[in-house]
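Heads up: the structure comes next, in structure tokens.
By letter and in written order, the chains are A, B, C and D; residue numbering begins at 1 in each of them.
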Amino acid sequence: MEQPEFKPKDPAYVARVQDSFALQGAMATIGAQLVQVQPGRVTIELAWAAALSQQHGFLHAGMVATALDSACGYAGFTLMPADAGVLTIEFKINLLAPAKGQRFRMVGQVIKPGRTVTVTEGRAYAIDNGHEKLVATMGATLMTITGREDVKN
Amino acid sequence: MEQPEFKPKDPAYVARVQDSFALQGAMATIGAQLVQVQPGRVTIELAWAAALSQQHGFLHAGMVATALDSACGYAGFTLMPADAGVLTIEFKINLLAPAKGQRFRMVGQVIKPGRTVTVTEGRAYAIDNGHEKLVATMGATLMTITGREDVKN
Amino acid sequence: MEQPEFKPKDPAYVARVQDSFALQGAMATIGAQLVQVQPGRVTIELAWAAALSQQHGFLHAGMVATALDSACGYAGFTLMPADAGVLTIEFKINLLAPAKGQRFRMVGQVIKPGRTVTVTEGRAYAIDNGHEKLVATMGATLMTITGREDVKN
Amino acid sequence: MEQPEFKPKDPAYVARVQDSFALQGAMATIGAQLVQVQPGRVTIELAWAAALSQQHGFLHAGMVATALDSACGYAGFTLMPADAGVLTIEFKINLLAPAKGQRFRMVGQVIKPGRTVTVTEGRAYAIDNGHEKLVATMGATLMTITGREDVKN
């Protein structure tokens, strides 16, 4: 994925992403870890677990989407103002191959930041016996929310 | 959502969906229950839990997607032959409103069944203090898999 | 498609849609006609033409999308304030069957109107020797634009 | 966009794309030209025309989609067997900015080829007074069709 250069509006963007991530019960449930936070790009990793599987034992498409949506959402969040919250408007995911592996890496990347609407893309990689494979791609559209007490991160 | 009439190829389609659903670790993790299985239509319900939340305390978009993807996938599965497995090719979800509520109902509906490719739609409703609200819509494309030992349900 | 009841903010919404539609060179090029404008719902029809075909002689998926995107966009536009313009943020189209027919009907329907973001759905029907068939479904997200001189309808 | 290396199954893939492209009435109507055909990657260009515009004078989102869908479809087609036809299952397009310019370049790229299903991505660039800008991204899923007389290219 191309990585355009972006300049964060809030110099404390890394801490802001970490704080918000820590509030997500869903991230703890799936065992996701925030491994890299850069301007416009966020990487999340998680391990396979039976508790996250679908009927064939692969990582459930929804769980791939959960981690990838967070990676995309936080990628957008790095470029938002200090008082903004982020919500996903929509995302689409293509499952290229069964998510078969011991570990998974999700990368979210901003393609086009905007005052109101931000467009991002995501890539999910499965690491299976040391071999890494692209298993899903995502396109996610985010909305910058300001002035709402219940959506402030 | 319109509900076209479909005739299942496998008369044991209800048991087949139930058996496959029971194999999904992800469904147990999110506390999802299969509440209705009809030809081309499946309804799943789950309760809110902190373990499924995003940073504002709403149900995480990915968890909405996880349950909705399963509803859509099993809706398609009801119409597939007895020896087939189902995989999601892609889905898109629109988050219409924050998934705020105590309980959630996900309905998956086949729009167009096909030998290889099946197109479905999903609706997610949040039940908040007895008031029901449409919070997400999904469009999911499924693939019928035959002759693969690792994808047979 | 369900048709929720909506109340337009601008009582002159029909004329406003007609005027904007008349400005679209693309609608004239594809021979599209505005056949119905209701609050939150717009229907567009067009005839098959070799000039709109893909390599197998069916209506090109992009031309189906062009008409369907306009139906969805104007469905949303019926509910926007008098001084607003509309832009498509994104759309997804599923091609359920080849668009084979002499005539095509595209219906756009608002699912969730919003101050900034409006979510719509579309259905494309092919009329082939008097038999009507659903050939495509669309989900489109629109943005209400205000205060921009170059986007005011 | 990353450009993975692919090996075409049919050495005559360039001629096959050109022949199919020439059959598309829609491509002539929008003035699209095939400017580059590589294994898994196809570039199409077109000029702005009033006949392709929406109400604000920008290139209609549907016309952007028409050219981009063809670029993605033919990118996939370069990797298909000699006797196969290609159909689009679905595509999603994000309109990042109004398609304002004198000329447009659409690039389609295969991300994951498959025996039945191929996943591609597209990028649309507007060239406005010599300045090039990314205005749209697409994700398109294609199907390889064999053994059907009406879909053989």
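Note that in this section a residue touches a chain if its C-beta (ideal position, glycine included) is under 8 Å from a C-beta of that chain, and two chains touch if they have at least 3 such contacts.
None of the values given here were measured: they were computed from a predicted structure.
Participant: Quick check: more C-beta contact pairs in A-C or B-C?
Facilitator: Answer to which pair has more contacts is B-C.
Participant: How big is the gap, in whole Å, between where the Cα atoms of subunit C centre and where those of subunit D centre?
Facilitator: Comparing mean C-alpha positions, subunit D is 22 Å from subunit C.
Participant: Round to the nearest whole Å and give the separation of the Cα centres of subunit A and subunit C.
Facilitator: 32
Participant: Can you work out the whole-Å distance between the CA centroids of subunit B and subunit C?
Facilitator: 28
Participant: Return the residues of subunit D touching two or more other chains; collapse runs of consecutive numbers into ranges.
Facilitator: Correct list: 89-90, 92, 94, 139, 141.
Participant: Specify the contact topology among the chains shown, as one of line, ring, star, complete or other.
Facilitator: Chain contacts: complete, every pair touches.
Participant: Which bits of subunit A are touching subunit D when the two form their complex?
Facilitator: 1-2, 92, 94, 96-97, 111-112, 119, 121, 134, 137, 139, 141
Participant: Can you check the complex and tell me which residues of subunit B touch subunit D?
Facilitator: Residues 89-90, 92, 116-117, 139, 141, 143.
Participant: What does subunit B use to touch subunit A in their complex?
Facilitator: For this pair, the touching residues of subunit B are 20-21, 23-26, 28-29, 49-57, 60-63, 65-70, 85, 87-95, 98, 150-153.
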